[in-house]
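Quick heads-up: structures coming right below.
Look for chain A in each of the two complexes below; its partner is chain B in the first and chain C in the second.
Showing the complex of A and B:
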């Protein structure tokens, strides 16, 4: 599905993305949304960038579900447009990141088939923002069994991993190996198109740094979850190659001792960014605050991109992340309101402005 | 009621037997009632703790799932939930507390480790883990509450029944039997008195007749001697 044969066009895509970026909700919009009820939020969205999706989905969903499906569809539309505009290496670089939605869709279909859900229900939950086109997703939705889905994916980056995991699935009838294979394939191919970095002060270096941070943070997240859960799981199974922070052996060793793991992160390049979150993690039981801090740190990397190299992949990636953040924020506000959380709680715990 | 009983000595003996049996039953039931109340008070304390834990577990679980739905999205949370294949199982056995059969619920596969929940670890977050964990704890609390509260309800029903039986014996059956006993005793005494009175009357009548016969014989003797 690569478009490497045509030329890379960051100038054109950046110009288009700049216009889209201007339409993103700003702090003032969030402040208004936090003070609204769910009906008012839907109304506010209807008068904004989300009008088309709101009108399309208004007859099928209502309340916060309408908001969530609208956000997903709008996100998909924007990311699909970006992939349509991009060519050459730029396409490959962006597609590598946006394949997270392919992984999402594949997992959603696997779970749906596993739980015998109707294909209409599965289809509603898809976010068509990745590389899989509508025809391929339709073929996946038609398949009635897990084996068929794995077979159909053989030509994609997820194929080899799924093939390996299928045997384990057939033995245990548990979806975990397949889900992990899908996520692992996404992360392992994330750096495929990052290229070789010769100049440390170049867009390619920043892009690589960001992707490595994403992999490192995913490894840290999983290591802490495994360490806290006490489950008898081999940490190496969940290690993703490509990060700067750990290798598989080191992580396996650190999982058994949370204090050492935290000390290792504190001494790393991410130590300053995550210092406050690590303090909180040492005091509190919950990992959620720490995960929020990881998200915020990743966001800082992305923000740093936007201004450094204006005509490169980095501002586009920064837009993608900002758009994802907007989706997360609006959904968080709407779901928070639905759950009866007050404005301060929503602002403090959910929204990352 | 007392009027329906035939005031015979046989009935009196039967009633006396029933009174003795009822009094013995009353004492036994009273002891059972007191024992049940003591057991109930213990279970009540436990039930109150379980109920307050259940409420706090429910609040925690709701909060965690709301947070997970807010931050990860409803679709992601539903997807993670759909990946679960091994559903919790419960088995019930019965336990006997002072004659009351109460259920004993054993649960399995409620608490799961990260690897047993079905969803992949790489693509999910701690929010989903914590929501799943909170719901597993809630389910355990619900199962415990079901056991304790069912036991409590069964004990309560048994206490009510026993109390009604004790009251029925104390305030209805025993007073009635005693009334019947008194009625029969009175009737029998009355019959006895009547009998004595009747005998006295017969005796008086016989004496009067004898006296009259004697007087007549005397008069005849006097008439013969006068002739």
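Showing the complex of A and C:
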């Protein structure tokens, strides 16, 4: 990384993030939550970290919606805080990852406009955690058509990809090319700030390795979903550059043959972390279990890195991943309860380490 | 060596004329070292203080962060922050030996 390190303050952000990580729900909390109904879950959350958000939103929503919006708002609060605290190179590194929520917001708005939802409903689903500020999101929400949104985004990292996808959208009237363009723009810019690392044994190198792992896992996930669905789609269209595991051609070949794909992952650097998950995939044929295992492996990867360089960007990234897992887990419990799943089924959906 | 220099000085009087008074002092035994013992101790203490300050920078930032999250008490934060100051204090020993 050629940029200077000035203004980077990993000590401060680390101290705050570690305190917050200690407040995340642990296995004991999940065990309790799984046995509760949605009302009780909401009550339980009100007595924890989520108190402020619960009280703010309690009068407007109820049931699972309340839990969902509370989770989103709490997530946004914590991630905005992290961006506020960090400076210099640290900010660049974290912002590159948190742009994930810009991509999420942009996709939400595109889908909302496509489905003619009122802008208040779209606004409720936004997670204000990325780099887009409130003013820009408000302008995006005011726009009534897809073309207008694409035009507004021309100054952002999503601009060029969206411009290309717009033509396809106008031909087919399907939203998929646009959504795809947003995702690809995010993942391809993920490596911008970590692109070349000269020092192999440095936090920057580990950060890069982590992001590559994330891209690899995303590619694996997409590949498996494609091969399971049996849809006749060119996997290269969904391939994200920058990972270490596959290139586009290889993935196209492997996608038709799950056994080979599994063997390929087993031989890779991730084989050890994922061996349990791979066994499960081969035997039980359950994609959900495998995807959860991928999430857990990514978390373990991040935790492992944060032990190597305790005062750097890596523990902060590990916290971000852990917080996302918690949000996903609570959401899974609440949605599972609403859908009437039993406790064992819900526990199978949780990602815990 | 000084005699050799002095010999050389005799040979080329003009070019080394400026050095001669100093050389005479040296030869007369009035030499003053450029760095006295006290001066060296002062530099050592200064370096130790710079090191302590650099260490406190990181600890102080982390302590304030932890304080903001209410995860430690103020006393612990202050104690941890000034802990590297002991390095500067130990360096004072150099003054008295």
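Everything that follows uses one rule, which is that the second predicted complex is superposed on the first by the 336 of 353 C-alpha atoms of A that agree within 3 Å, B and C clash if a C-alpha of one lies under 4 Å from a C-alpha of the other, contacts with A are read in each partner's own complex, and residues count from 1 in each chain.
What we mean here is this: a contact is a pair of C-beta atoms (placed from the backbone, for glycine too) under 8 Å apart; a residue touches a chain by one contact, two chains touch by 3 or more.
Keep in mind that what you see is a predicted model, and the values were worked out from it rather than measured.
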Combined model on chain A where chain B meets chain C, clash or fit: fit
Spatial angle chain C-chain A-chain B, Cα centroids [nearest 10 degrees]: 170
Chain B versus chain C as contact partner of A:314, first or second or both or neither: neither
First (chain B), second (chain C), both or neither touched by A:328: first
Contacts of A:227 with chain B and chain C, given as first, second, both or neither: neither
Chain B versus chain C as contact partner of A:14, first or second or both or neither: second
Contacts of A:339 with chain B and chain C, given as first, second, both or neither: first
Dominant toucher of chain A (residue count), chain B or chain C: B
Contacts of A:114 with chain B and chain C, given as first, second, both or neither: first
Closest approach of chain C to chain B (Cα atoms, Å): 29
Common interface residues of chain A - those touching chain B in one complex and chain C in the other: none
List of chain A residues in touch with chain C within their complex: 9, 11-16, 18-20, 22, 85, 311
Interface residues, chain A side, partner chain B - complex: 64-65, 68, 72, 103-104, 107-108, 111-112, 114-115, 117, 125, 173-176, 178-180, 182-184, 187, 218, 221-222, 224-226, 229-233, 238, 240, 286-288, 290-291, 328, 331-332, 335-336, 338-339, 341, 349-350
Interfacial residue positions of chain C with respect to chain A in the complex: 58-59, 61-66, 68-71
Footprint of chain A on chain B - complex, ascending: 62-63, 66-67, 69-71, 73-75, 78-79, 82-83, 85-86, 113-116, 118-123, 125-127, 129-130
